[in-house]
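Take this structure, written in structure tokens, and hold onto it; I'll ask about it next.
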């Protein structure tokens, strides 16, 4: 029994079908609990007032925006090295979710920035990096959409994902060099004295878990759809050949 | 390899499209800017470095889809892939030919266009230096994008969408070095970053581009 | 110098078209590939030329060498650049393949008077002759050609048949997908029996079924 067994589409469909309802349930519960806890049962910040509470959407969506790309990168590598179709299709399925997460992060950031910094958009390194990440996502999805042959599309988008990751990372540091920025530091980190206060941190963790579960359930649903599409095409091809 | 370089340069000289078109486009972009932002020379002088870099970058983009598409359509790319030339070498030569027919002329004409934008006196030297160091990166990154989209019928627009985000670091360091040099500040660091991007792109992207071409020919 | 093709299956646009193709092409022989349109002649030739990997099976030289170093491939398209002259077009390929000169090739295909004409002013048949002249400057032993006689007139076709026979006499070999009779004896391989079916091509995206 090895991990690669799940790379078989049939096995994947079977297992993911069994797991999916539980992941969806987990996502719903953690998101409802986390958001309600965060919005209604945390104190107002002494400087930022109640606007700070958008953090419970902003930080988890930003986290998932980056992690979705990371997941696509790993899936692309697996496709290029081991040529497991599920891997390529999972990368394809993740991209639109990543786009939505990036847009949520940018929008909630703008809504938060308006009262705090007095401006909805600032060419701050973090904001700019996310905007560039969004452009990479769009290019990736557009390339998938433009190529008819699924294997060619999987190969080329994987190459793009690899090269794009390097350039996205490079842009991150280039942008940092270009403008120092207004954005506050990381909300959570292990090596700092002053983190977000515990009253905020706990519901934030719950929300982050909720977004992870949400991402996984959407990813599974979309990957299953992609596999069904491929199966349909395979059946049609077989019918034509017979 | 040299035969391929000469052939590509000759081709782009003879087909009216390449070469002159990019320069004309650069000129038009630069001429349009004052109409958009107003004729105050102080404002124009301030934004000149960025406008010149963005203009050169967009002009570079224009001829990218011709790098492989013509050879793909008439079957030459198939024949090259089955010839003794390594495909990675073909990519490097194609990028070099693109740079010679686009990057170099753009770099040389930029100071003339800078006059129109009232670039401060100290900027001209840095304009030449940053474009000379940065345009190779634009050509190589663009060649990679062209390799990705070579099999597509209408790849041009998609090519821009793929390549422009990858141009961001080059643009940032190039324009920043020019701005700093123009104001008499230390410009060595961004210039080194710019050179590093050009060299790293030259070393690594041909591998990815050759892989993309092989996939597209399959 | 024998080219071996062993139980090769190929796909076009992720659909298998041929499976179990088996043949050997020794030096000095020609093999004609035949079969109805869409059977996969072009796809098979592209696979043998090394442009796409076979779904299964191997293409190699009998002595163990790589077939791609021995094969010169001529596709439907001639790869002729319209703005270059005939001589410039051919010289480019000559230097890519490290050949010494192009005069013999020009003469063989009756292109000497046209050598300084831009290729865009050539007729379709003349362009094709230029494409075929490229095979001579490659200096390679195995010619893999896809419909080489399209748009050639009767005289040019007869001339081409002579060139192929000369090539065979020099110890070369040729693999030619064609519908017409070139007028010399060679083995014929009809690809119809190798049409991929769900039985003989197990790679029919079966993972998804």
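Letters A, B and C name the chains as they come in the text, with residue numbers starting at 1 for each one.
Simple rule for what comes next: a residue touches a chain if its C-beta (ideal position, glycine included) is under 8 Å from a C-beta of that chain, and two chains touch if they have at least 3 such contacts.
None of these values were measured; they are calculated from a predicted model.
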item: Higher-contact pair (C-beta pairs counted), A-B versus A-C; value: A-B
item: Most centrally placed chain, judged by C-alpha centres; value: B
item: Distance between chain centroids, defined by C-alpha means - chain B, chain C (Å); value: 37
item: Where chain A and chain B are represented by their mean Cα positions, the distance between them in whole Å; value: 32
item: Intercentroid distance (Cα basis), chain C paired with chain A, Å; value: 48
item: Touching two or more other chains - residues of chain B; value: 218
item: Complex interface listing, chain B residues touching chain A; value: 141, 144, 148-149, 151-152, 155, 158, 161-162, 164-166, 168-169, 172-173, 176, 190, 193, 197, 205, 208, 211-212, 215-216, 218
item: Contacting residues of chain B [partner chain C, same complex]; value: 2-4, 7, 10-11, 14-15, 71, 73-76, 78-85, 217-218
item: For the chain A and chain C complex, residues of the former touching the latter; value: 8-10, 85, 148-151, 227, 230-231, 233-235, 237-238, 240-242
item: Chain A partner contacts - residues on chain C that touch it in the complex; value: 13-16, 196-198, 204-209
item: Interface residues, chain C side, partner chain B - complex; value: 46, 49-53, 68-69, 71-73, 75-81, 83-84, 88, 91-93, 95-98, 134, 138
